[in-house]
Amino acid sequence: MTTTEKPQEFKVVGTRPIRHDGIDKVLGRAIYGSDVRLAGMIYGAVLRSPYAHAKITKIDTSKAEAMPGVFAVMSGKDMPLVASGALDLGETVDDTAFTSDRVMAHDKVVFKGHPVAAVAAIDQNTGLEALKLIEVEYEVLKPVISLEDAMAPGAVVIHEGLIGDDLGEKVKNTNVAVHNRSEFGDPDAAFAKSATVLERTFIISRAHQGYIEPHASTAFWAPDGKITVWTTTQAPFGVRKTISALLNQPLSDIKVIPTEIGGGFGGKIPVYLEPLAAVLSKKAGRPVKITMDRRAVFEASGPGPGGTIKVKMGVDHKGKITAATADIRYGAGAYPGASINPATAGIFACYEVPNVRIDSYDVVINMSKTAAYRAPGTPQATFASETLVGELCEIIGMSPMDFHLLNVSREGTRRPDGPVFPRIGNEACLEAIQGSEHFKSALEPSTERKLRGRGMASGYWNGIGNKSSVTINVHEDGLVSLIEGNPDIGGTRTTIAMQAAEILGLPAEDVHPAVGDTDSIGYSDLTAGSRTTYATGTAAIEAANMVIDEMKKRVAMIWETEYENIEHVDGLFVSNVAPDHKFTFKEAAGKLGQTGGPVAMTGTVNVRGSGGGSFGTHLVDVEVDPDTGKVEILRYTAAQDAGKAVHPSYVEGQFQGGAVQGIGWALNEEYYTSDDGAMINATFLDYRMPTSLDVPMIETIIVEVANTNHPFGVRGIGETSIVPPAPAVANALADAIGVRLYQTPMNPGRILEALATKKTGK
Amino acid sequence: MTQTPEQSVRKVSVQCTLNGQPTEFLAAPYVSLLETLRETLGLTGTKEGCNDGNCGACTVNVDGRIVDSCLMLAAEAEGKTIETIEGVAPAGGLHPLQQAFLEEAALQCGICTPGFLVSAKALLEREPGADEQRIRLWLAGNLCRCTGYDKIIRAVEKARDQMK
Amino acid sequence: MHPYQYIPATNITEAVSLLARYGSRARVMAGGTDLLVQLRGERYELDAVVDAKAIPELMELTLSTDGALSIGAAVPCYQVYEDEAIVAAFPGIIDAASLIGGIQVQSRASLGGNLCNATPSADGICPLIVYSGVVTLTGVGGTRTMPVEEFTTGPGRNALGYGEMLIKIDLPKPAVHFGAAYQRFIPRNEMDIAVAGVASAVTLDASGQKIESARVALAAVGPTPIFATKASGFLAGQPASEETFAKAGEIASTEATPISDMRGTVEQRHHLVGVLTRRTLAQAVQRARGNS
C-alpha cells in the first residue's frame, strides 16, 4: 500500500524487474572480497594487540621473516610517517595521522586487536604460524573503557597530543575530543512553565553492523609504482584517497577495484587491510590477499558507538512540546569520530521543539574506533527520545499517535539543530500507520503467562547528496551500458539503471549496469548516506538526458531537419515537421555510426543535500514470558517515506532489513566487555543477531511524499529503518510488562530484573 | 627449499563426487572443506562468514544433509557426494529456488544467498510441504543481515508451491 | 594453528592404539563441531585427529526389541531425531538432539561428542542422565562402564583415561509410566548456548497421579551438569501436581551453583532452574500419562 502525493506517470520506475546482477549472485558466481584470485597471490595475516592500551617497547620480526613460506613481514616502521590533517571521505572527515596509526600501530596500541605487524605467506595457516614468531613486548597501561573513566578529572589520557574542542575552546590532556552544543530559545525557562516535565537517562550498547562478509582486500604493488587494490568496500574513491595519504603515493597511481560487497551498513567505509596488503605486496613482489577473521571483525573494525544519553522533555496541558534537552555521550573508540552531529540532528527531528539544547560529546576510549552504522548515531539517540516520549504519553494520558501528530515536524519546521525542513513525509508516515491493518487490529489480550504489548516510534535520517558520475554507452543494437561508481549493497545497480531507462524510454533490462573502478568511472562518493539511488540516480538521469539530446541531434541529421524539431516521446524520436518520421531508440542507435560516431555520455553531479530526508514510523506487538523474560515479536509494521520508490521490492527490503537490525539491537546485541577492554562475545554465537526464527514477516508501507530535490521525487531511504525499532520495542515492552527499561539490549535478564523490581517496588 | 612446518604434515588425496562429477584433490589434513572448496577447487560460491559454525554462509550438502563446510575437514570428503551452490542449478537454467529468490528480491548484498539456497533446497527435497514456521526453523542456522528474512521466506514458499 | 594429521580409524582397536600412541596430542573426532573450532581457537594443540565415523560400533543406533536404546558415540543428532520409533520412545532425548546448534550442526554433531566435550551448558548430557544412561569406554586397559552423571568431571573435562575413548551410551528401557523432557532457556529462538537447562524424568504410579521416582538434572548452572539429587529425592512419593513441580523447582534451584557470565547472571540462572524444572516436570508427567 502506498500513498502518492505527486502522481507522475512512470513506465519503469515503480516496477519490479529482476536485478541485473541477480543471476551471478544466485549462482554463486559473483566475486566478493575474498573470492579474488590472482596469479601468484599469497596470503596475509595480521598480528593484533592483546592489550587495549599499551606501549610497544620492542618488536622483533626477524624470526618470522626467516620462516620458510613467508614472503614479507611488516610493522609500523614500514608505514610512512604522516602528519595530522583532514582526510575528507565525503560523508565524514577523519584525521590522516590517526588513520595511519589505526591501521598499523607505531609505538602504542590503543585497542585490543590493534594491528602491530603483518605477514604475507604461501598459505593462510603458514601466515598464522608466522605471526607466532613475531616478538612484541608491551608496557601495559591502564585501559580506559567506560565513559565515566574517560571523562573523569585526572583520567588516563589515551592520546597525549589530542586537542579537544569544548564548545570552541581548546582543551589539552583530555579524552573528550569534541563537545558540541546546539541550542535555540530558552529550554530551562520553558521547562519551569511546563505542565509536565520528564527526564531520563538511557544507556545504549555498542553494536556491530553484523555484515556477514568479513573485510577482505587484495593488493598488488607493481614495480612501476602502480598499486591495484581489489577490496570489499562501500567507498572505492575514499579507499584510493586514504591509501594515497597513508602510503604517500600519488592518487592516480592507485586503482581501486571494488568487488561485490557482502554487507556494509557503514562499516565498510573505513580502510583496514588495504594499506597493509599494499605494503606487503611491495615487499614480496606478489599480490597479497588479507581477510579479517570474525573475531577481528568484531574487535577491530568499526561498530556503532554505545553511550549514555540523558533526555528531558516538557509539555503543556495539551501535550504540546514546550522544550527538550539532551546530553549525548558516545564512546568513539580509540580515535575521535563518533557520530554526535547526526545524533543531534535526529534526536528530536520528528517534533516541533520551540526551545531546545542538545549537548553532545565525542569521547575517546580504548576500544576499536567506531564507524558509521546505518543512520549513524541516530538509533541510539532516538532510542532515548522516543522511549521518553512513550513514557511521557503514559504520564499525561495521551496516546502516542496523538502526541506524535500534535507535535509533528513538517515543511517549515525548524529542525532542533537549525535547518528548516522542506517538504517531508513525517505526518504521512504517522497517518499511514494510523490507517494500517496492524494499528486498527486489536492486540491479543495478555494472559498470566503471556504478557502482550504494543508500541510505536518514529525516526528520521537526513542523508546526503554529494558527487557521482555515471557514463552511458549506446550499443549499436539499441541497448545501453551504464557505468557507475557505487558498490551495490542492495540492488542499486538496478535502481540506477531503471532511472536511466525511464529517461531513455527503454525497458530496465535494456540498460546493462556495471560498477566501475576508480579509473573507469568518474569520481563518485561512497555508497552510504542513503545517497546511491538518489544522487547517483540523478547522475544517471543527467547522463540519459545527455544521450537523448545527442541522439536527437543525430536523428535531425538523418531526417535533414533542425534539432529543435525533434522530440523524444514515449520512447520514440519523432519530428514536429514530418509526422510520419519515427525512430525507436534501437533504430536510432543503429545509425549512430553514419552520423558522427558512437554516443557515450557522462553525467556528473554534486547534489546539494538530500531534499529533506526520510521519516518512518514503526509499530510493533510483543509478547513477554514473565517467567523467563523472553520476548517474541508478534507483529511488525514499518512505514517510511520513499519519495518515489524506484524498485518497490528493494525499498521494502531496506525497511525490513533495518527493522530487524533494530530489533536485534533492542533485544540482544551488545559488546560484552571485560575490564581489560576485550570483547568477550566476539562470535556470532554470543553476539546475538536475529535468526529467521526470531522475527515474523515485516509488513511494510511505502509512503511517497515526493522529494522536490530529485527529478522523480526519489528520496534516499536506506538508513531510516533502523532508527524506530528499538524505541518501538521499548514502548511495546513497557505496555506489556508495566515497567520501563532504559538500556539496550532489553534482554531477558534485564526484563526479569525489571519485573522483579516492579514486584518489590524497589 | 626447506620445508615449511606445514609440509611435514603431507597433503592427503581425496576422491569424492562434487556437483555430480567425480573429483579428486589434494588437501592438507587440517584444512576445512570450506577452505579447500574455495582455495583449491576454485569454487568460491560457498562463503566464509565466521569459520565456527554460527552463520551458515558455508553451507554445502553432503550425502543429502546440509552441513557447515567450515566444520568439516576436506579429508572427510572421501567417498562422499557433495553439492555446493555451483551444483544447484540445472545446466543452462535456474533452480526454482534461484528463480524465486530473484523474483521475490530475496537478496540484497547476496553473500548469504548461496548458503540459504543450499539449505532451502535440502528442505524442500525432504519436506515438500514445509510451512512458514518449519522453513524458519530449518533456516535458523543461516544468518542474513540485510533482508530481515521476510522475502527469503516468501521466496522459499513460492518455490515450494511451484515445485509441488 | 599447529598442523595435524587426519587418521580415519576403521575399528576400535586401531583407534585405541592411536590414542595411546599420541596421548594428549590426539583426540577422537565425531562431528567435529566443537573440536575443529577449539583447534582453530588454539585451545590446545594436536598432532592427530582420529576420525571415529568409520568405526561401526560408534555409528550404531539401535532401539532393541526390549526397548533399550544404544547410541553409538559418533551417531549424528539428526539420525536420532529422524528415527520415528526413537522419537516415540525417548522424546526427552529428542528434545536435546533437535536443539543443539541448528540443522547444519545437527547433521554432524553427536550426543557422544556433546558428552565428551563436557561443557556445563551441554544440552545433550542432562537428558542422558535422567534416562539413566550408561557410557561404555574402551581403552588400553580394556572396557568399562559408568553412569553418565559420573562422566563429566569439570568444565570441558571428562573421565576418559589415557588412550581411552567413548564407544556408546546405553539407555535402559523406560518404565511403563515413565516420561522425560528437556527444556533450556536461550535469548533467541535457536543457535544459542543454554543460559540454563533442565531435564526431568518421572515414573508415575499406575493411576498416573503419584510420582514414584524422578530424576532431575541441571545444565549450565555449575561446573558440570548437575544431577539434582535433592530435587529428585523430594519428588519420590509426591502427587504429580503443579504444587509439587513448583516445590521441586525451588529445591533444584538450591542445588544449582551457577556463575555470572556473559550469558546470564547467578540470580537469573537460579530463577530459570526453578522455572524450567516446573515446566519439564509438567511435560514429563504429561508424557508419562500418555505412555500409560
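Letters A, B and C mark the chains in the order given here, with residues in each chain numbered from 1 onward.
In the analysis below, contacts are C-beta pairs under 8 Å (C-beta built on N, C-alpha and C of every residue); 3 or more make two chains touch, one makes a residue touch a chain.
All figures in this text were calculated on a predicted structure; none of them were measured in a lab.
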Can you tell me which chain pair comes out on top for contact count? A-B
Chain whose averaged C-alpha position falls nearest the assembly-wide average: A
Report the inter-chain centroid distance for chain A and chain C in whole angstrom, where each centroid is the mean of the CA atoms. 44
Quick one: report the Å distance separating chain A from chain B, using the average Cα coordinate of each chain. 29
Where chain A touches two or more other chains, by residue: 125, 129, 685, 690-691, 693
Check: chain C positions touching at least 2 other chains come out as 1, 3, 189-191
Where in chain B do residues touch at least two different other chains? 5-6, 28, 30, 51-52, 54, 137, 140-141
Chain C partner, complex, touching residues on chain A are 125, 128-129, 627-630, 667-668, 672, 680-681, 685-686, 688, 690-691, 693-694, 747-749, 752-753
Residues of chain C touching chain A in the complex: 1-3, 185, 187-193, 195, 262-265, 267-268, 271-272, 275
Which part of chain B faces chain A closely enough to touch in the complex? 1-6, 28, 30-31, 35, 38-39, 42-52, 54-55, 57, 84-86, 88-89, 94, 98, 101-105, 107-114, 117, 135-137, 139-154
Considering the complex alone, what residue numbers of chain B touch chain C? 5-6, 8-9, 12, 28-30, 32, 51-54, 56, 59, 62, 65-68, 70-73, 75-76, 78, 119, 137-138, 140-141
Which positions of chain C touch chain B when the two form their complex? 1, 3-6, 8, 29, 31-33, 36-37, 39-40, 49, 51, 53, 76, 78, 101-105, 107-108, 189-191
